[in-house]
Amino acid sequence: MRSDNNSGVSPEIMQAIIDQNAGDTEAYGHDEITEKCESVLQSLFENDDLKAFNLISGTAANSLIIGTLSPTFGAIFCHQDSHVYGDECGANEFQTGGAKLIPLKGANGKITVSELEDAIDRFIIGEAHHSQPSMLSIANTTEAGTVYTPDEVATLSAVLKKHNLKLHMDGARFANAIARVGCSPAEMTWKVGVDAISFGTTKNGTLGAEAAIFFNNCDDGSFIYRRMRSGHLVSKMRFISAQIIAYLENDLWLKNAYHANRMAEKLFEGLKDADGIKFSYPVESNVMFAEIDKAVHEKLWQAGFRFYTRNTAGISSSRLVTAFNTDTSLIDKFIDIVST
Amino acid sequence: MRSDNNSGVSPEIMQAIIDQNAGDTEAYGHDEITEKCESVLQSLFENDDLKAFNLISGTAANSLIIGTLSPTFGAIFCHQDSHVYGDECGANEFQTGGAKLIPLKGANGKITVSELEDAIDRFIIGEAHHSQPSMLSIANTTEAGTVYTPDEVATLSAVLKKHNLKLHMDGARFANAIARVGCSPAEMTWKVGVDAISFGTTKNGTLGAEAAIFFNNCDDGSFIYRRMRSGHLVSKMRFISAQIIAYLENDLWLKNAYHANRMAEKLFEGLKDADGIKFSYPVESNVMFAEIDKAVHEKLWQAGFRFYTRNTAGISSSRLVTAFNTDTSLIDKFIDIVST
Amino acid sequence: MRSDNNSGVSPEIMQAIIDQNAGDTEAYGHDEITEKCESVLQSLFENDDLKAFNLISGTAANSLIIGTLSPTFGAIFCHQDSHVYGDECGANEFQTGGAKLIPLKGANGKITVSELEDAIDRFIIGEAHHSQPSMLSIANTTEAGTVYTPDEVATLSAVLKKHNLKLHMDGARFANAIARVGCSPAEMTWKVGVDAISFGTTKNGTLGAEAAIFFNNCDDGSFIYRRMRSGHLVSKMRFISAQIIAYLENDLWLKNAYHANRMAEKLFEGLKDADGIKFSYPVESNVMFAEIDKAVHEKLWQAGFRFYTRNTAGISSSRLVTAFNTDTSLIDKFIDIVST
Amino acid sequence: MRSDNNSGVSPEIMQAIIDQNAGDTEAYGHDEITEKCESVLQSLFENDDLKAFNLISGTAANSLIIGTLSPTFGAIFCHQDSHVYGDECGANEFQTGGAKLIPLKGANGKITVSELEDAIDRFIIGEAHHSQPSMLSIANTTEAGTVYTPDEVATLSAVLKKHNLKLHMDGARFANAIARVGCSPAEMTWKVGVDAISFGTTKNGTLGAEAAIFFNNCDDGSFIYRRMRSGHLVSKMRFISAQIIAYLENDLWLKNAYHANRMAEKLFEGLKDADGIKFSYPVESNVMFAEIDKAVHEKLWQAGFRFYTRNTAGISSSRLVTAFNTDTSLIDKFIDIVST
């Protein structure tokens, strides 16, 4: 329950890695598998113009996209609890050469139109003393485990368009969001104004494969150089491409995400009325936050469960995460321990 | 009333510049006047070990000090309304190569112990995903025009010491703070835990002269290189040094600051009970903020007064600033217009 | 023959990846396999104090090490033909926040003592206008395919020690150098003054696994933050660690490197007296450079051989690379085509 | 003879500073004098579209221009002896966030077409491993004291245009170059393909005033933010603007430069056949380099002369600089001492 990063690799994806190991091929992405990978992503997103660049970590995807979209003197809006703001050790400031991430509040990990408008309003355009607003970065699934609907994304992007700002989506758990909403990837992204997405797969069953995807020709051609100079151009790229292809084949990605989401829902249903545990946000994906009483917490650890708990300003918050390979029996056991 | 930057140069300081123009001397600070300047600052601060480096802007002083004191992956705490956070176009992020400035709240432009402790508490030391707390930057005079007492500074630095963090003071209006409190420069800085100060003089009567001052051997020897590579090593340095020397001679700096503070106090006394104007913070220096009714605002502009007004989230806030050369009659006129 | 990056993965290593996929474990390197990996590297280098950090690319290893060892105002000496200077798109300048790489000449891709001393001599220590010498980065195997002996490394490091400079070794093809010289890894590194090495394995049979290794406590504790903020902290780290362990087990790494070296030697022996091809440097590893006549070049391409050729200033230079899985018959075929 | 930075301020310019100190005005360049200053520069360069930004150091002008013109992954060509390459402590690498300065050889401090073409040729456009050529930076007057003619500049810029590269001119001693050649500022810059110039005045009689000037709309609008975040937006800007206006009024800049050049010529004429001193380059401005015998060197120092001498690789090179205020008698004395 600690993290979907702790899980291993889906069997189908491991097989794809093994299959890829026959014969030599071109390095650094100049190979047919990588070409096919981009083409598969174009089909998935129903968008022949998208550009996809493979990477090995979500932080690389986020920060390289943001470094491409924002000038060094930019102001980048994001949720105060977001990964890009608080859990990447300043990666986005680093990649932009020192741009400013502006933390916004918002219930359930989501940014609202009024918060966004107020935040933009605090910057004077053309005033050299002020960082210049450049973009918004949202996560879907959010860091709180909630999910933006396409309509909610569209409302935010409408505000951005008025101010000529870009929209980035951190899709580390994009599959879980799509599984929740049931819309198409296109409907969740470029059709509602998303300019670039960090398309994550690692938390949902691959060994390590992420893609930075640009819509609307938003990459000014600098991405390949930024990736290389950050040490993120992998030599044996075909092994990453093969993972992404296998991940999307036969809807494996959605099956994995549905399962993880269902396990979370099951946990929530089993415990929503229980004593000693109180969920902090609506449960909409595979990530949940809860205040767990000390006694219950101890029982869970004694039973072998491990999860992150933060104590800030007197409040204890535990993060529970299900994964593509979480067994139902584990959920039952968790419910059982809390309930008795 | 718009800014103390709009004022010219104190006659004594202009004379020092003129006097300095006799004969050639070494460039880049390898001259006797610059040596004397550091020695004069050591006397002022009663500290023979301090290192002083001349600069031409407050932003240069702040960002070069912060770049010296914080690692590139650092978290730097500051007030959300501070100059370093909001009015330097990302200078501190730039100089640190992408460190994170963490905005803290606090009434009247001041940071409190509990806000500071809560903020530090949000970072896990040794956790690679988190920026690592490195320092606090406070301004004295604050951006709200209020003044920290030495005791208040000491309380904050006690918290910092527990966590091994540095303390920087933005002293763009240090003279006004000292004039207000009446303590010695030493009592306001290193004696209460300040590790480095941006010692400003430009807003209080020089043409353009600031000093980055380090106590406690806090400069690791890198400052001179950081200054040079930022383009801040001035060739005819003696003209800056001469300004600082003249600024401190015969307590000119305090006389200038007393006057500016007095003019602000006079304005406040004349208007604190007036209709159509409401002061936002205690008036403790030469900087005041006020909500001014639209009608009053218009009358003032028609009379020729100019000042900055920001409208954010429906609230209008005007900044009024007095200077070393503000004439009493101007204050009288301002009061008169508002009052009638 | 184009690149050892084009090869796939050694079967033993692929098996280790597969084996690693049983059960969940901690992410981000907080797992037992990663702990074991560092311990295995300590044994290999006979050095219990070394710190090892897993990465996925050689450029990441080089630039993160250099970013840790050099201040932002440093001058970093390197060979003008080295990978760090010319083939990483400015990665080292990026990671250091703008340090200067100083290109040195030297026959056969190697830096000599006199070149190094002259280069250091051009910088005035303590002069703010000058970047300050911080380190030397050499590659072993060099970019020319030649190999430094431990004695040669020791002579360079003796110069560095006089000036208090660090020594980094780019070991992208470290195995091939060790296979050539026959010394121990310790004798090639910390025993002759190397402070840090980029320990490459990807070009010699892994899927993607590199380690940044520090001796002499040269990491000031900042590496883990630099890695994270560069997006190089891989979540499912155990799969990288498992590769490195398998790579070293039963001397697989040396067997692979011996084979690659032997194939290169065979090619050289078969062609050293041939017409239409002239080797540019002594052949000491698995990388060779040669001037190949246009006619011969065409014959080789018609036969299906692919390799990089650069035309600079009228001279054509082709790079030939053998790998752990290069078949003898391929070498025979190559020789045959050139010779007939 | 040490440096033109050691000289003070021309009386006309000091008077302009004094005159400027009457009454308050807008800060940060939003004043009429600064507006006039840009207009005066437009007249001087016969170019109504140029954008001029005031600064206080030549390194600031160079690095902020280069930071504006080159992407962070750019390769910037320059002479190996140039100020931007060797005497700015990495300022240009810093401002670009880690671009690469590529040192080129060239007799007498000048870059030739063939050196430039060979250098560009070494980079593969579109290859992610390579930094991408972005611009050339030349100095006129060069660091060797020689002067490019407009024709020479035009030949270089013709090469650049073929490759879509920009051209920057470091004009720290632009006045001396114009005084030498006798052409108009326009003929030396935008008419022969210069995109931006660091227009220096400090070495030729001002207290501290430089301008970054862009032609051809080469500033993408980012300069004002880069200047601010580097701490280079001076609050009392009018005092800088006033210096530049006075510097250009009545051709003071050319008179000063003519005098300095004449003094250098006089020195050269008096010593070109003398024993114990050998000039290294043609004398074309106010900067000369010479090998001076030890005995002669000692006599000069005993007589009170001071100048920089570098000993590199066994060769001693002394730099002699005349200035706008160098007295003829000083030149006579220097000649006298060497000759007897």
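Chains here go by letter, A, B, C and D, matching the order in which they are written, and residues are numbered from 1 within each.
Simple rule for what comes next: a contact is a pair of C-beta atoms (placed from the backbone, for glycine too) under 8 Å apart; a residue touches a chain by one contact, two chains touch by 3 or more.
Keep in mind it's a predicted model, so treat the numbers as computed, not measured.
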item: Distance-maximising chain from subunit C - centres being C-alpha averages; value: B
item: Subunit C onto subunit D, rotation angle from CA fit, given as a multiple of 5 degrees; value: 180
item: B-D or B-C - the one linked by more C-beta pairs in contact; value: B-D
item: For subunit C paired with subunit D, centre-to-centre distance based on mean C-alpha positions, whole Å; value: 41
item: Rounded Å distance, subunit B centre to subunit C centre (Cα mean); value: 50
item: Chain centre separation (subunit B, subunit D; CA means) in Å; value: 34
item: Residues within subunit A bordering two or more other chains; value: 28, 72-73, 88-90, 94, 97-98, 128-129, 131, 225, 228-229, 233
item: Parts of subunit A lying in touch with subunit B, wherever the complex brings them together; value: 72-73, 86-90, 93-101, 103, 118, 121-122, 128-131, 312-313
item: Subunit D contact footprint on subunit A (complex, rising order); value: 28, 71-73, 97-98, 128-129, 131-132, 222, 224-229, 233
item: Interfacial residue positions of subunit A with respect to subunit C in the complex; value: 2-3, 5-9, 14, 17-18, 20-28, 55-64, 88-91, 94, 202-203, 207-208, 225, 228-236, 239, 323, 325
